[in-house]
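After the structure tokens below, expect a handful of questions from me.
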Amino acid sequence: MTRFVLNRLLLGVVLLWLVVTVVFLALHAVPGDPAAILLGSEGSGAVTPEALARVRSQLGLDKPILVQYSDYLAGLVRMDFGTSFRSADIQVLSYIGDRLPKTLELVLMAALIAVVVGIPTGALAARIGGLADTVISSLTTLGISMPVYVIGTVFVLVFSLQMGWFPAGGYTAIEANPSAHFMRLVLPAIALSFGITSVVARMTRSAVLETVAQDWVRTARSQGLPRSVVFRRHVIRNSLNPVVTTLGLEIGSLLGSTVLIERVFTWPGMGSLLVDSVNSRDYPMVQGIVIVIAALFILINLIVDILYGVLDPRARR
Amino acid sequence: MKTTSRSVRRLRRSLNPVRVGGALFVLVVVIVTILVPLLGLPDPQAQNIPEKLGGIGTPGHPLGTDRFGRDLLSRLLHGARIELVVSIGATAVALVVGVTLGMLGGFLGRFVETITMRTVDVILAFPPIVLALLIVTIYGPGIVTLIVTMGILFSPRFARLTYGQVVTVRNLEYVEASRVFGNSTLRTMLTVVLPNVAAPIIVQLPLTLATSILLESGLSYLGLGVVPPTPSWGLMVADGQRDMIANPALVALPSAVIVATILAFGLVGDILRDWLDPRRGMASNL
Amino acid sequence: APKPTASNSTAPELKIGLSADVPDLKPSRDQGAAAMMLDTMIHRGLLGYDAKGQVVPALAESFKASADNKSFTFKLRKDLKFSDGSALTSANVKKTLEFLATSSSGAKIGATMSQLASVDTPDEQTAVVNLKNANVAFPSYLADTTAAILPDKSFGAQGTSWEGAGPFKLDKTQKGVSFTFSKNPNFYDASNVNFDKATVTVYADGQARLNALLAGDVHLIDFVPWESFDRVKQDANLTLDPQSGPWMYLHFNVAKGGPLANEKVRQAIALAVNRENVAKAAFSGQASVVAGAPISESSPFYNAQLAQGWKQDVAKAKQLMAEAGYANGFDAVLLTSSQYAFHQDTALSVQPDLAAIGIRTTLDSGDWATRQQKAAEGRYDIAVAGSAGVVNDPSFLVNFVTGPAANNRSYGFDDPKLDDLLNKGLQAATDADRKAVYDQVQERIIQTVPFASLVGRSQAFAYSKKLSGFANIPGFLTFESGYTLVGARLQA
Amino acid sequence: MTDPKDRSPILTCRDLTVTFTTEGESTEVTHAVSFELKRGRTLALVGESGSGKSVTAMSLVGLLPGTASITGSARFDGEELIGATEERLRSLRGSGIGVIFQEPMTALNPVYTVRALLREALRAHGMHAETQIRLRSVELLQLVGMPDPEKRLGFYPHQLSGGQRQRCMIALAISGNPGLLIADEPTTALDVTVQADILALLRSLQDQLGMAMLFITHDMGVVAEVADSVCVMKDGRVVEQSDVFTLFRSPDQPYTRDLLAAVPELHVSGPSADEPSREEAADDVVLELRSLSVRYPGGFRRPPVMAVDSVDLRLARGTTVGLVGESGSGKSTIGRVIVGLVEPTSGGLVINGSDLTSLRPRQRRAARRNVSIVFQDPASSLNPRSPIGKTVVEPLVRRGALRGHTESRRRAGSLLEQVSLPASWIDRYPHELSGGQRQRIGIARAIAVEPEILVADEPTSALDVSVQASVLELLRELQERMHFSCIFITHDLAVVDNLADSVVVLQQGHIVEMGATGQVLRHPAEPYTQRLVAAAPIPDPLVQKERAASRRSSRSKGSSAST
């Protein structure tokens, strides 16, 4: 087990290095000059070449790319992710450290909803079958094909502006006001959870259908256990493996893709930071975020693999 | 002769009214896609800005108009064409790339497994926007790039799915038998393993189709998507969002068409899965 | 501590919803609306604007121009202090202006400031600014937020400045979320600041920003989405305050040679576009047609006839195309950006007009950074741009016709005669002389088409009816509207 | 729980008919089945595969899928089961009627420990005090002869051996002190020594607890050992029902007679070397293993396994060598080395005089052209998505021996006919065939290339006796016709006795004994071989019950049971 974890972590470091290298090279190849973006905006006047040159040298962009790359790697080894191009006051790592928990909170909340709603829904579809199955399968299709910003916008219109049940968006720190924090979390989390809930429900459904045909289910019934107990303890419990895989994947891919929901609800997460940073060609910030997301991803994969063992003793190492 | 009648029987067995409905819908979409230039609809790109944001039932525009006064009906129908090309193309690329990676990794094991599955991890670890940006840089924008980008973005799903299936199937005796009786590794993978891992992959297809329609509109933001004013459903939803209050149909209609199409494709997938599976219809436990 | 003058009916905290995050404040080069709003709250220059857009004294109590408009004398108010309590003297003024004049500062008013000859500081309260050439409009440049006077520490390596001599001082930043300000007791006009606190929260999405206003989370928002103007107008509790803001135009790559290097083709384009359509499609009708050089009707240099110089005339446009030898039209790349929907919509709505005279365009619509680089490097044929002059004075036009290659200007365009005229305009002594010069400028622009104007887009603030005294300053000065927060008040 | 003297019927079935309705189509699979089972007695339900044994048994406890409908009557302890509410059936399950399922590998939920499974069962039977549950769990495991029960409580099913799993299953089934135990082929998947243990265990449990037992099997030897009376089923009907001694002595029905005749016999006590061994006559060796070893590499926390350890073996042309030994002794591994699915770790493999270990891959493949295999499991060795006609000609197609579609279809048909299947079945899929038919497909595929060497890996273990007999007959006949040499892997000594010229006995990768069949089986020199022979059930109730009794007494004197 320990060896397995260590092995995977080591492999993870190699993966991270790969990711860093690809991102680094890609960003430098993408059109869009960070200095020009910094100096100009939509309605800017002419930017003098001198100003451009000065900013570029401030950002270190005047050095040969290989030097920039090795400098950056050397920094990473010291856990120094550099400072944002947009402000020397912004330490990339601590800034991400500020945004990341907010995204994680949102994503994990959505994942929680997906678990609480998706698993029973999928199980229900599999168990009842027939019309209920068709209806649930249509609903999950809807959940998967509705763009999250449309869901979010409708939520705001209905639940905030019409009903006034929830604030229209924004963020309050939990330490400042826990209840306000929670109220502002509800709508975006639910809106975000639509897709992932649908996927989890579908996954659960097919896994349950598979498990239900297993011999041990019949064994459990032959013990005289009530159907509900059999279903819960022997069918659902044994169907969780693919669900966990899906959840892991979805959580991982949501980390960098919450931008739309963040925009609609003004949630200061990492998704919008990533998009803003890409737009302003803030290389250190983009690189930092990609590294952090990739690292989390590797971690999530590891957790999923460990969970396999928890869920299925046969997979224990 | 006999084979056909058997497969016809199997096909008949995998049909039910809902699925037939879905199949018909797909058929309609496909026919519309082909025939749309002959329908005598207004040019989907023709602007008539003074008549912008007309609601459903506007004279001459049965489904209304968008912010450029373009005919929504015509755009929807023309959009189907682009949408199908892009989303099916992307799904196909994802399918081929992902299944190949998963098959190789799962079947050959050892270092091939490490390489393929870790490649998949690297792709997954990239936030889509960054990966997309990277690919645009390499290929330059356009529909082909869009298809390739989304294909690569979605390939990990198929790779993982296939890998998981292949790992369980690869040790079954019929796979070994195939090799003992003279099939090459490649042939075994293609003719024996692949058909036996296909079912969950087929189930994944419509989901990927859905995601690619959504992402298509998202990527257009990076200048990677379908280039306006060419209509595509994903873009129509994204654009319509701004005018959602003035004319809700601009979001609702394309969304509805997207959902219906994906549902229909899902149903066709179900038919296909059951049809291809000779064991389907065997009694199951409980 | 509550002010003794504050009555019960005045709310002590103003909440503003802002359209973009401001990771860093660099007053000399801040051009975004959001950063400029913060600048007007934290910083002050020698001069400022009032609600009508007139230049008014700020840190300077008064100023005087020499007869030749080459030298300007500023008298500072007494006992000026920065928010940290340190004294603000003419030395700070000299240092700031000299910094703005360095070519590498990237200052927004750098082009104007490059004419700086010297700054003399006869005493702590007097600064004499000497220019190399005459510039009648110089005071209006100094009234811009970017000419804020900064404390010495702002000129370090980074040049960041969150401290200034403005009405508020920054207490706390929640990065990417909000800025909390309190009233700056050292502000020269502190008695007119009617808020003890001000919170600026970032709402990047237009709809979300409006929702925050509708829900009562904020009192004031900038950049109301055009689609939502009517919505705000219908709300009895809200005020919509639109002004004609930046102007949208097409610019051209003339360096390639080919059709666009031919001024007849450019004229044809300027005559072919239907500007009402642009206004309707890209701005939900919240834009005004600009069919000549972008000089607002309220300006003394407005010429009603020249303002219609490019009035749509498709027949004439076609004829010009034929004269230029392109009767059969040509293919071109139309550069725009999908990052800003209105840029893309503008491009989309001119596409059919161009097609009508035979110019078949393909859209190149990427993210903003890509658009900027392509424009700066001339990788386009025709490009959509939106821009604001630094000042309302027509001298701003110089930025759009000459100077180094820039992303908002026709690539490779050079018209010495036009440059000459603009120069004359700055040096002309009387208003009548200037008017004559600027009429020629406008004529010349209509003829050589350094850009083809489309519309002046509406830039609106929306605020609670409880907020009074705040105003959207007209014209390009809309981004300076934060100046009017001084004197504004909020009913409880 | 019941008076051991009371021999009144505990279960009476009358006209039990089960109908399955799938997609609107109804099939009656059992027809008016009637039988009776007395308290404390064992009724064996026998008959060929698919004759409705399991369906009948499951219909009693309501464990059939929802697509089944049942008519008729089944009274358990005076109470009508057919038509009883699910609630009532549920309360009967476990505490009234216990069930042991066929497949111990999959019948236990892999995610729970033995403790959790027992605990759940005991709670369902109304036991709630934790200490009581603990004590009872240990007691149950002791009862079923689980070694080291305290420790085993914490094990997961996959950590138990097959025999231990089956014991665990039995413990679960008897945890509610049922009056009736339904055992659906409880030993089919186990090897002979384990099977003998389990059967002994069931008998002794029955004695201790006084349960009645409905025992489903297709092994007549097992019937002979456990049953008091027998009910023979065919095509969903009871064809004969009688006392076990009567049935074996004087079967009434032709079908029963056929069934009994089909049972291969192991002659435990007979003249030695009464038949001339063909092997001695022939010195034309086609296959030779020289000190062959195979080691499977270990993994995380798994030590490497020495599956085959220095095995020497010679196969003469046209003869059959029987490879026997308990499960895991390396039989299949040897077969897989021969066909090239596993690379030997050391030692040599000589086919037709050429040592394969010294050849290059291409040459190796050429040398193996005429080596073929019948896989152990007919279900998993056929591609479920390939029609059987395609499957059987596949090896020929790969060799380019067939030209065109029609020829390959014709050839497929003739191959099917060779294994006594209709040629018209070429478009069927494996799942449409019975187990025996599937096995024939495996054989047809193996002989398609007209092999010189055939490895048959337990080709009949999954089949019932009548089918087994026909498959064996088929193999013998084919061998006569084609003159191939055969490595016949099995754990059924009776089959070896019938088929093989010589026998090799394997234990943990080693050869413990080898020689002519008669010699080894009737005069086993090694204790291990002796044990194997002793454990093989003999389809004669008198002999078998005697043997079982003596085994039991010798065991109770000796160490406790272990598997």
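We just call them A, B, C and D in the order they show up, numbering each chain from 1.
Please note the rule applied: a residue touches a chain if its C-beta (ideal position, glycine included) is under 8 Å from a C-beta of that chain, and two chains touch if they have at least 3 such contacts.
Please read all numbers here as calculations on a predicted model, not as lab measurements.
Comparing the chain pairs B-D and A-B, the larger number of C-beta pairs in contact belongs to A-B.
Relative to the C-alpha centre of subunit A, the farthest chain centre belongs to D. Between subunit B and subunit D the centroid-to-centroid distance comes to 47 Å (mean Cα coordinates, whole Å). With each centre defined as the average position of its C-alpha atoms, the distance from subunit A to subunit B rounds to 23 Å. Centre-to-centre separation of subunit A and subunit C, using mean CA positions: 38 Å.
If you average the Cα atoms of subunit B and of subunit C, the two centres end up 46 Å apart. Multi-chain contact residues of subunit A, defined as those touching 2 or more other chains: 30-31, 153, 214-215, 218, 221, 278. Across the assembly, subunit B contributes 136, 284-286 as residues in contact with two or more other chains.
Multi-chain contact residues of subunit D (touching two or more other chains): none found. Of all residues in subunit A, those touching subunit D in their complex are 3-4, 214-216, 218-227, 229, 233-234, 237-238, 311-314, 317.
Listed in rising order, the residues of subunit C touching subunit B in the complex are 225, 227-228, 231, 274, 276-277, 280-281, 284, 337-339, 341, 344-345, 348-349, 351-352, 362-367, 370.
Here subunit C touches subunit A in the complex through residues 21, 23-24, 29, 31-32, 102-111, 157-158, 160, 174-177, 201-205, 207-209, 211-212, 214-215, 217, 246, 339-340, 366-370, 372-374, 376, 386-388, 390, 399, 403-404, 406-409, 476, going by the rule given at the top.
By the touch criterion given at the top, residues 11, 15, 18-19, 22-23, 26, 29-31, 134, 137-138, 141-142, 144-147, 149-150, 153, 199, 202, 206, 209, 212-215, 217-218, 221, 245, 249, 252-253, 255-257, 259-260, 274-275, 278, 286, 289-290, 293-294, 297-298, 301 of subunit A touch subunit B in their complex. Only residues 30-33, 36-37, 39-55, 58, 84, 86-90, 95, 98-99, 153, 156, 160-161, 164, 167-171, 173, 263-266, 268, 272-273, 276, 278-281 of subunit A touch subunit C when the two sit together in their complex.
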